[in-house]
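Next come two complexes built around chain A: one with chain B, the other with chain C.
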Partner chain A sequence: MKTKANFFQLLLILIGSAIVFNSCKPKGPADVAMGDAASKVYVAPGKYDEFYNFVSGGFNGQMSVYGIPSGRLFRIIPAFSVNPESGYGFSEETKPMLNTSHGFVPWDDLHHPALSTTKGEHDGRWVFGNANNTPRVARISLKTFRTEEIIELPNSGGNHSSPFITENTEYVVAGTRFSVPMGNKDVPISSYKENFKGSISFIKVDPQTGRLSIAFQLRTPGFNYDLSRAGKGPSHGWFFFSCYNTEQAYTLLEVNASQKDKDFIMAVNWKKAEEYLAQGKGKKEKTRYAHNVYDEKTHSATSTIEEEVTILDVLELPDIVYFIPCPKSPHGCDVDPSGEYIVGSGKLAAVMPVFSFSKIQAAIANKDYESDFSGIPVLKYESALHGEVKKPGLGPLHTEFDEKGNAYTSFFVSSEIVKWNVKTLEVLDRVPTYYSIGHLSVPGGPTAKPHGKYVIAYNKITKDRYLPTGPELTQSAQLYDISGDKMRLLLDFPTTGEPHYAEAIPASLVQPNSVKFYKIEENQHPYAAKGEGQARVERKGNQVHVYMTAIRSHLTPDNIEGVKVGDEVYFHVTNLEQDWDVPHGFAIRGATNAEILIMPGETQTLKYKPEATGVIPFYCTDFCSALHQEMSGYLRVSPAGSNTPLKFSTGVIESPSPGAGR
Partner chain B sequence: MKKLIITIISLALLAACAPDKPKMGEDESYEEIHGKSKNAVAEIADPTKGLGQVKSVTLNTPLEQERIGRGKAIYEMKCSACHKLDDMRVVGPGWKDITKKRKPEWIMNMITNVDMMLDQDPEAQKLLELCLMRMPNQNVSIGDARDILEFMRQNDGEK
Partner chain C sequence: MKNLTPLSRLLIALSTLLMVAAYFVPLWQILMWAPQYPEGLEMKIWINNITGDVKIISALNHYIGMRHIEVSMFPEFQYMIYIVGALIGVGLVTSFINRRSMVVIYTVLIVACGIGALVDFYMWGYDYGHNLDPTAPIVVPGMSYQPPLIGTKQLLNFTAFSGPDIGGWIFMAAGLLAVGTLGYEFYLSRKKS
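Then we have the complex of A and B:
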């Protein structure tokens, strides 16, 4: 009996300390996760995580992949920024991926991943991402974890409100952050109200191939479009965008775009827009934008400049767009799993409005308008409102949902996550974040079928949470358990770049489809050497094409002569391996670009321009076998105009010079 | 007793918390391919036949010409970088007389089940010690391996 009493004492102490901990305000790194947190995030060596977490890299322009609950980083997928580590943006095959109407752009700012859905649920096919600066959308394959396609968005002044997808991934939608004069017109900045317009691109997704094409653009009033979500279930066919700067300010937005009590949530009836399009009401306009596609069989990208886009002007075509007043510069605009509730998060507001889709429809049917904006109806706030979450916290930004009818909202200013009930609007729990949370993610949180279990905070500031690394500190995420009534901090983990939005998906939806290697038989690269017998060197004018093969542990050819200063040498390296996890790398001394990493069965090309004579070593950069250090070769570079014959070999020993080796 | 209860509780907690390992789908897991997998108990009934799915091979005379053509093409794409057709060892041993030294089953198992062969078959292990280079798994199907075998027979002078 004594034992039992002791056990209950222990239990009481544990519960007691839990209460004490939960009532604490964040004090700094001294506050730690408690109890069995370690075992909840421990994934034993050789075991797998339960979820993939696709995390935006922000200003690194890439997408990173983490495991949840461990917080381990698996990969950084190059999307909008060059990556010398793999050769992305440096190899001849991948350079076209970063082409734009402005030419080659080596960097961007990726904010929002969006996982493809079918019937509103994650389907594990693709993840999309946005380029915030030079407006583009990328599609990444979840089979190869590679960027397969990038489409540029004309008429967009900054692609923040993007990418957001419809229930069955019919469209990826991208709204402009900055309104700009259309057609790159030269006008005074002060003519904002007259000349500046917004633009919402509807990018069609081919259901089989995933191929992207801009179906149409909505031309909208000139203000800032921030974030968005598609409707689902009953609200499928609608989109909801948060807008700020309805003041139409063009300077010191900090003050001038914060004048009005309410900005708007813009409700878009995209089925109506499709009807107008089918009736031929769209206007075709000349423009220029790049469309880049990577082909898995030729292992090469092509870039095409498109020259036309179809515009639907919402000022001329009624019933596409309605405005719903929303307090103070709304940021997040999130739709709950049922599709009925739309949460607006006014960054500067003291309450959080939750709108009702059925009430919005009734208000439209009854013309329950308070005014209009350039002829577009503005619904009465109360008529569209389900209710307000009172005193939720300071600076609400984003909301995700669990499978039990709860919402989780991030609060930047008060640095916390607040859990509340979507129907009753009652605040249920709050936990501190360290520090200044931006986005947050619940597995399946934006879909019709959330998986729940965790909420992950992506923080803007880490300050004292990690060992310092000079003025520039690591960025971080925090994992909370939401399986019980109270949220519990389990883990801090550092992230690369600056994490904005992220999505998490059960590993079981992605892992079985992962490509292990490319079949050499299916390699259609024009410069592939499919077998060592095809390895060779060919000269075409001043271009020298080296058809090289790589297999553990030699490159063929590994002796090349007859290259001259002024030549352009293309090393087309084919990896002949046909097994999982055996990439080879290729680097040559003095190359002014990067290395290339070649996956099994793949061909990639590094361009090299010798500037001086000499014998230049090259080697495999990916440790591949016991004889990896031997995997190397020499390129002889002769003076321009010399007569050194073109010659190549592997394993050929010519008669040694007398006295060699002495 | 107290210790026991706490141990049981923590064990229960651990068991409840450990995330289930996601399913790999139809493929076997990496561990199964590389570790003790279903074939591992492979009957060492005839050690000269090696380990793997190939239990017996029927050889026909004269040689099957179609197989030779296909086998040669696969050899050139996937094997020739390391195996020469004479008796010279480059990365791996030259192929000359291989069909006289090894049972056809052993050859095909070595091609199609190389990781297990290198881990468990004494003859394959001797070759690894000699070459110091694990033969790569080139994902050759059993049908393709049979074609390669026919090409090897031709290379060894059979008609």
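Then we have the complex of A and C:
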């Protein structure tokens, strides 16, 4: 009896200690949003979100638009990638948008959105985006949510430190990630130190039209330019770029570019560069780059190949560029709202340096240099330093700011957001992200006037956070409440493409300007039919131009005969509607391109080459009305050389046979 | 011939001046809502024009065979400016020549014009709502689409409202002033006799 009791006692102790032991094991990332999180992100049906979130699509080459706090996806704006859904890159009008010096490029990698600013604050006019692979910058209108302009960047390879903008959107900069030989020269890769150069393009933005032009390019030493931010307030007139691979490695960079204790933050005095430019110190060089502009009145893009760029060589022109040592391959290089502090995030570093603009100025004035790099002064680290954030986390990447003097830094390796005070450099709070956060975004976070309230994490890995979809999983963002002392996770939301970076802007700055439709009387498209009376078909050699109109619920003309095999048929479809949210679509059987979507008042063109005879149906693809299914027509294709007369009609019953027509 | 009190003359002058507003603000409005048009569509009737979402309303109405609304459909727009002008003229004469009988004439005219306008509008609405294209895509047997004269009416998926706009209300105020003045003068004459 007694042994039995002892045995039970032993068993109980065993079970008890097992429970205690297990509860001591580290917890998995099972933490869920707490308390009233659901009500904080709930936007009731028919109500609007407080912020627009412009999220880059990374490798999908597009820009997506989400609502915050709900995380709902509203729209995907095609920028650098074709979009068969709308016809972007397929319609005759939009094909020139994707033209480059290499010809038509249907894809790119869009990493960073940048919202235009006035006096350092968001103004809701445009959002810019960069093409990483074939270097370009796009400007998207926040009235139409369409890409209006794309400019290519010569002498660049990997347009990564882009598109960051100056306080009043004077310039959009585009720094090359990969240094390359200038002028596409054929040289040995091993001649990197000798032949490879960096290029920082300053793209001027017309304050009224937004039109882009490359004002000048800084020719800089050959290494990698990663990210950048403009100065603001007192530091307006300066730009800061993070640089890595100052080792100038050209192979196995993960080892060879990680050797030095410190790389650089490059401080650029662009006002000085402007002075040199005005003095005619720039050198004009022959080159080739495409400049593509979409005209809202002709509803068409034009592509121009520019052949000259002005170079300012920072090795020859002193006082434009200074280097500030920054630990271990800096990635993020972020300027606080006051413009005084510059945060360098060495992605392999144990501390995070915060530099002071006034100290940098003093160091330059006192020539407080520790050395030079190819003749460019390198400031003393301590002379430029405001202080270091100690033990912040592992793998710091990017920093944004709130309106209360706090900074929020993402840590890729330790997968967390760390909140710290910009002045005292004291770490205040940390929250995990799921998983491996890259960029983060606070509404207005990179501007002089942050709106705070939320920080959004854009993660690189989702693993077990959503229902699995095979080896390729959804990408995601996470929304955190930062209104209190502690950050609180509110919401996970999946995203399209790779949500690389994003900016959030109060809806009130964008919503009232949103265009509802294009005015038909302002349509200057050369092939527009601004009324059914103008609808017609014209033949010019083997080109057949169909001036077609679309209005609920018919296409005019909807019977077309006299087209022959070998012809090129251009369907120029004008949407005659003058009402909100009544697009029409157009598709024809066997077209080897895509459909087109035509907004009210707009004209778009689909090219079609019939390869065989027959009667080919076409129809409206956008469910427009109760009689949408009736919105269709036929194209008769006759053999090449036949003499079927060209004719077209709508609503004409020629020879009523039993059961046909009325 | 009885003279008017200074107050009555002032009231008639005021009534007359109010009617000048008819040239500058819409007189009548038709508002429509549907599930697809939560923001509503509006049509404003002026003394010689129609404004608002007329094209959109016409485009929608073609499904049920209603005609496109055009300014030329309304011969009234040609002469309404003169009728109101004449009314204003009579009003000014009334307050000027100072005869009680003129108040009677002015009041009868203004009330008659109001009633006449409503009758005319009803007749147009009847024709517009009943005289449908027989080949229209949507023909609902027995259904007609006459807009309400005043008030709200459900027409298929649309809720239609019809009622006075600013000008209409001002016109009514002008009429009420005339009727009130007449009543006041009547009261005075009975008190004296």
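What we mean here is this: the second predicted complex is superposed on the first by the 625 of 662 C-alpha atoms of A that agree within 3 Å, B and C clash if a C-alpha of one lies under 4 Å from a C-alpha of the other, contacts with A are read in each partner's own complex, and residues count from 1 in each chain.
The criterion applied here is as follows: a residue touches a chain if its C-beta (ideal position, glycine included) is under 8 Å from a C-beta of that chain, and two chains touch if they have at least 3 such contacts.
This one's a predicted model, so the numbers in the text were calculated from it and none came from an experiment.
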| field | Three-chain arrangement built on chain A, chain B and chain C clash or fit | value | clash
| query | Looking at the overlay, what does A:K232 touch: chain B (first), chain C (second), both, or neither? | reply | neither
| For A:D579, is the partner it touches chain B (first), chain C (second), both, or none of the two (neither)? | both
| said: So in the superposed three-chain picture, is A:E532 touching just chain B, just chain C, both, or none of them (first/second/both/neither)? | reply: first
| task | Give one of first, second, both or neither to describe whether A:G651 is in contact with chain B, with chain C, with both, or with none. | result | first
| task | Have a look at where A:T549 lands relative to chain B and chain C in the superposition and call it first, second, both or neither. | result | first
| message | Going by the contact rule stated at the top, is it chain B or chain C that touches a larger number of residues on chain A? | response | B
| message | Under the stated touch criterion, which partner chain does A:L627 make contact with: chain B (first), chain C (second), both, or neither? | response | both
| said: Quick one: is A:V43 in contact with chain B, with chain C, with both, or with neither? Answer first, second, both or neither. | reply: first
| query | Which parts of chain A are in contact with chain B and also with chain C? | reply | 551-553, 577-579, 626-627
| said: So in the complex, the part of chain C that touches chain A is made up of which residues? | reply: 53, 55-56, 59, 63, 135, 137-138
| request: Would you pull the chain B residues touching chain A in the complex into a rising list? | output: 1-2, 5-6, 10, 13-14, 17-27, 30-31, 76-78, 80-82, 90-91, 132-134, 136-140
| request: Within their complex, state which residues of chain A touch chain C. | output: 551-553, 577-579, 626-627, 630, 662
| Inside the complex, what are the residues of chain A that reach chain B? | 3, 6-7, 10, 36, 39-40, 42-44, 46-50, 69, 506-508, 511-513, 517, 519-521, 530-534, 549, 551-554, 556, 576-580, 582, 625-627, 651
